[in-house]
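Reviewing the structure listed below.
Chain nomenclature is as follows: A, B, C, D and E, assigned in order of appearance, with residue numbering initiated at 1 for each chain independently.
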């Protein structure tokens, strides 16, 4: 067992465990915290792949922006209570069964698929430095990049639309 | 530079992603708090992102990582819109329990 | 020229019909009646012309007017054939028809719809002529159905009475049963010989070679047709009911002409029947049984016209008996004599009814001899004729039938003889109850009793004369009729030489008739018996009085089941069938109702369905894939 | 490519117009702009080309469908003016979102790279989430938005997972490369799973059973204008994309995969039609009808190589009929708080023309000849028979029969019931949109070759 | 000049009627329908002189659908039936005030247009389109202008629509399948097609379903009586007089030549069903209380016999069937009109409420009587010619078919005369009965004159139809 493998297993365990706890915690705040942890462990995976830029972006976007939004909303709604009523037992049981089934099905398929043995490509070329990424993103992927801005614009207009109060509206 | 997959193996990452994805699915099914359901969906997206990066390394190709950026943008946009909807639901309904959203049926 | 004359002969009554339909209401009743009568007389005169011509050169006259229906293996034209048989029929149809038209002018004079009556009568004569003169079976069928229609119209002439309408409907429908047989018979013949033309058929059948079973079927079917029109077992029940129509109608259609169409048809197709002895046997038996049963019912009927009706059925039975033995000429002979005396009897009874203002029940008559002498005497003559008293017409013809029967089948001979004795009895019963002893009706009726006007009595007298001398056309020995008909009959019939044998049979027949008369005399003159009221009749008499309950039997066996079936279909099966279709819709709706429950608005459920769908698809696609 | 740029520009213009208080001009300018863009798009029909490293592929397929989308958007935008007249301050937002939605749609049918596809579908989806929830004080609208959002982002996750697996299997996002590799022997099983997951995501978007549950609820809860968009434009977009994904990335479908399509197709038709039978809400009924139409459209997948023209025809026929009917529905229900069939009572007497248009569009959807819906169904049937799937066709026919049941319910209501209210003046735009759409539909029915030949 | 002119004229008539406004609508419609009649007579004349009045043009390239109209004797006979009955039907409706009469008459003409198209079309899909098009106007005619309880009517009419449409959709599948084999919808190409036995069977059955519902053959008739009862009389006339014939005509034109072997194989079942329809229809008619329903069931019985004739696959069967179609078309229109005449005066269709009319209106009685007699196929009416030929063809196939089918002449007489007796005869009705108006009389007289003339001289029609039937039979027997 190489240290890298041990690190992987450790990180993987944290990822899965915190993900599970996110769902399992009754208090939404706890869930959010676990989720942040989960994101951090995923960032750890990225680091393992030597994708530092991505790891940083991931932490900034997810842990920094998205999770803050989540927490903010939770606070706003005053949801930091463990008062959630559970779904009916049958539903929960069903969810568990479906979860197990899905996992088994997918895992079985991937286990049975042609496994890749031996060496992986190691061209040695740089493929994930910031420079390279920037090149790819702004040359080849220029159009999607621009289009992503439209996506964000739509999201922005949308959110404004959803929360804008009109003069004519009462209340 | 050594390929990290030589030591871990792509399968392990696939399994990890699949399991994480499945946990996300499980969360969507298991919880009735809309915000947790959102989080579960975020977990699903992250599972995929992780796999993208793994495949990117596997192919020694930057495109996978570029795609992760788009996926993050999408996730951010979705969360923004989703939370906006959530807030307006909360304001009208006083609850974000998705099992209470049963006005439309039949 | 001949063609035009033949057409005129055919169409003249039709012109009368058209006139009466369109203008009848505008002209006076007498004019309308006169025109109706004249058109028939024209036909009669033309018939005589043609008859004379035929007698001269012996050649039948046949023309084809136009193509009518064509099917794949042959064409049917609308053609006229005037040969011995059709001319013979034409003569007495138009002849007696003219007389009855004449009679009707007076008889129907008080009816507001007299023009219609004459229109129908003319139409009837037209169809009857069509029936007779057609040169193929299909043209005969037009006439056949046409006279059925007129019969329907005339029986239901007083349409305000639903009972009469029922009788008319019954007549039409029972005739239609026979018509179906006729049609099927035609189909079989057409399939076998690819033609329906008499002349061609005669040649074709003469060549032989046709399947005997099919021939038998054809003959049987045609005979079924005949039983309908000529009121034989088992389709005779309409005829007594048909007496609902005005009396001239009964005389013309239901005694003298239309009901003899069956005999005409069988005679027409004699070449066919000759080849099918089994069917001939059936005809003979049916004829004999009809004669007996109808006669026995006639014994106890109280309605004067009903008695005559059953008598007609019985006499027709005798004719069929003769047909069954292949003695077509004998049957035809009886048709003619019967037409004379039966028309006379009906018209006489009409005169009586006229005199009594519609009274038909003999229990309320009696002693009319004084008041209506002409009617009495003419009817008496005809009664003697029908009873078979020497030397009246009926004696000769009936005797011939009995002789033929005796020759072929002793049992049927006995049956026929019994029927004859009964005939003599009930006819004299009728005479005694109507004309003898004292009047049993109301005072008012008695006050108005009178002899009918001359327009009524003249036809009576003419017919009575014919009933006396009618036998002359085929006296044993001279046998003009037999010779005349020879060309159209396939098989030769040997003459009855007048031997002791024959004289003995004549004697027996005469004696039988006299026995019947004496029996009636004993019962109704000596004992002064008057039939009881309906309710008091009991026992077997009641069965007979109620016509053996045959009508009830038919109602029970055929009409009720059909109506029951109709009710069942209408109330049960139809809605059920409809429901089958609806139930598909209901099922879909039911599914929808269940489906609505599934669509319960719960996002969790939707997600479940989603995930399960994904799982199922993936599993199906890849687990199987891996298993390979 | 020009189309996409122009559409985005138009969207931005709408936003800017708000700043300069040009509200009154908005709708006409947007319509005119869209018409111009339509011309621009059509002009590219005979010049297939690829842009920016194969990100955008302009071929006959994409041009034809893009044009259809633009036409539909023109109608929808035209109707928006009246529909949003009570929300003047939001009009520009609505219009911009609609136009961006169109941009997403165009990206979805002209993508050459999966990133464009993914972004396109997300632009489309997010716009729809917003539109569905846009009546912010209406709890039904909130619920609809919520439901659509939750299920939609779940589906996005699945699509993303699919894309990821495809990338893992091939190493490319470029569909031309993927197609080349797809027939290779060494391709891992990830690839078919990836395709399948993507298809499942698209099946969700077209609301095929069993991924259809959201549709009725969302259609019912959303503002009618949004429902119109969803049931016409979005359904058509999703279907075209589904077709493009399959035909663009695979050379041929396996038999088992076709079986899956067969089952889903039959299931969708049946579920949609049967459920529609007992609906009183018109929007809900049309949602179920849309589900069944999705089932019909899926038949096109079964003859993948030849069905592009037929699919275009079917989608155009369906969408035009949908536009025509929604124009009437929007008018009839604009001042009502529900969309019950009761509102349509006596429409035949009060507004004969609108009633006639609605009748015609329903007949078209039911597949009655001379309307385009008939030919659409017939050609699909015919093609599917040629592909050897008689079973689907029989199911389709049985379902067509069932569908009469609910389409005619509405027709019956219009012509046999007594109207509850008096005749009112109808804004011209409703007549214009409804009549134009149905005339286009009938024109397509009279000359099917016009459309079919485009892609054959 | 070719037959498309008739179609165009009718279509233009429909539009013109719609534009003419409520007041003029009926007159414009009458004018155009008469024009169509004149035109079809003119074209018939050219056809008889050997001119080619068929038309073929292209329409859709893919799938290949042609605008092909084949006008042979058979088609022209049916077109004439349509164009002759349409003015009569319009004429008959003049006494009824209709709301929105422009829509009403436009729909009538449109239906006439669609039915004419059905008879003429020589391309499968084109034919199918016309076939379906005919359904829509009658649906609305029955729905909007029908009578009786609205809910009941809606149900009945919807059932009719769904049922017939459902049946014909299976025909559409058959066409699609045939197209996949032949690559064309043209009649000739479909005739030439060589199908395996199983294929033929399925295609035959698909066609059969469509036609059996339309004709209708039992047990697919359940829509009929209710719709006839509920539809306005004009609709009933269109349905019974012409539309049913579409099914029968299609049997001859499409079903039999395309799948002849299947037709031969199923012949006993088909004839059996048809004859069962004859008997069943007659028996159900016996106890009907509603005049229109009774006529509906009588129609069921009659078309059963026609269908039986068609399925004998013989020259006689087919030509008899055509004759009977035409005859039945006229007589049933006449009878329904008679029912309508009574309804106009007594506002009832229940037989029990009638009776005793005869003495009030002798003219009408006579005409009604003649129609009744024609309906029971009295010799001398055209119905007899048809019925005789059909029964003859049945007897050639099997004598029992003829015997069982022939029961119609007994049962038919039974229920028709019973109806006539209950409606017209009996004690004079207390309610006044206005005598028939001129238009009413013209309509009835025209129908009667037609039936009587061709009853005595059917040759023109027979000669017109015979060559086409021979041609079809040649195809069937090869």
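Here, a contact is a pair of C-beta atoms (placed from the backbone, for glycine too) under 8 Å apart; a residue touches a chain by one contact, two chains touch by 3 or more.
Keep in mind that what you see is a predicted model, and the values were worked out from it rather than measured.
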Just to be sure I understand: going only through chains that touch, what's the smallest number of steps from chain B to chain E? 2
Return the chains shared as contacts by chain A and chain B, ordered by label. C, D
Chain separated most widely from chain B, comparing mean CA positions: C
Computed over C-alpha atoms, the centroid farthest from that of chain D is that of chain C
Report the most central chain, judged by the distance from each chain's C-alpha mean to the global C-alpha mean. E
By number of contacting C-beta pairs, the most connected chains are A-B
Rounded to a whole Å, what is the gap between the Cα centroids of chain B and chain D? 27
If you average the CA atoms of chain A and of chain D, how far apart do the two points sit, in angstrom? 31
Could you give the separation in Å between the centres of chain A and chain C, each centre being the mean of its C-alpha atoms? 102
Could you put a whole-Å number on the gap between the CA centroids of chain A and chain E? 71
Which residue numbers or ranges of chain C touch two or more of the other chains? 585, 596, 599, 601, 603-604, 607-608, 611-612, 614, 618, 622, 626
Quick one: which residues in chain B touch 2 or more of the other chains? 10, 14, 21, 24-25, 28-29, 32, 38, 54, 58-59, 61, 63, 66, 70, 74, 77-78, 81, 84-86, 88, 98-99, 101, 103-106
Scan chain A for residues touching two or more other chains and write them down. 87, 91, 94-95, 98, 102, 106, 109-110, 112-113, 140-141, 144, 148, 151, 154-155, 158-159, 162-163
Among the chains present, which pairs are found to touch? A-B, A-C, A-D, B-C, B-D, C-D, C-E, D-E
Under the touch definition given earlier, write down the residues of chain C that touch chain D in their complex. 585, 588-589, 591-593, 595-596, 599, 601, 603, 605-607, 609-610, 612-614, 617-618, 620-622, 624-626
Taking the touch rule as given, give the residues of chain B at its contact with chain A in the complex, in rising order. 1-12, 14-16, 18-27, 29-33, 35-36, 38-40, 42-43, 46, 49-50, 53-54, 56-63, 65-66, 68-70, 72-81, 83-88, 90, 96-97, 99
Along chain D, where are the residues that touch chain A in the complex? 8, 11, 15, 51-53, 55-56, 86-87, 89-90, 93-94, 96-97, 100-101, 103-104, 107, 113, 115-116, 119-120, 122-123, 126-127, 129-130, 133-134, 136-137, 188-190, 193
Where on chain B is chain C touching in the complex? 25, 28-29, 32, 98-99, 101-106
List the residues on chain A that touch chain C in their complex, please. 87, 91, 94-95, 98, 101-102, 105-106, 108-109, 112-113
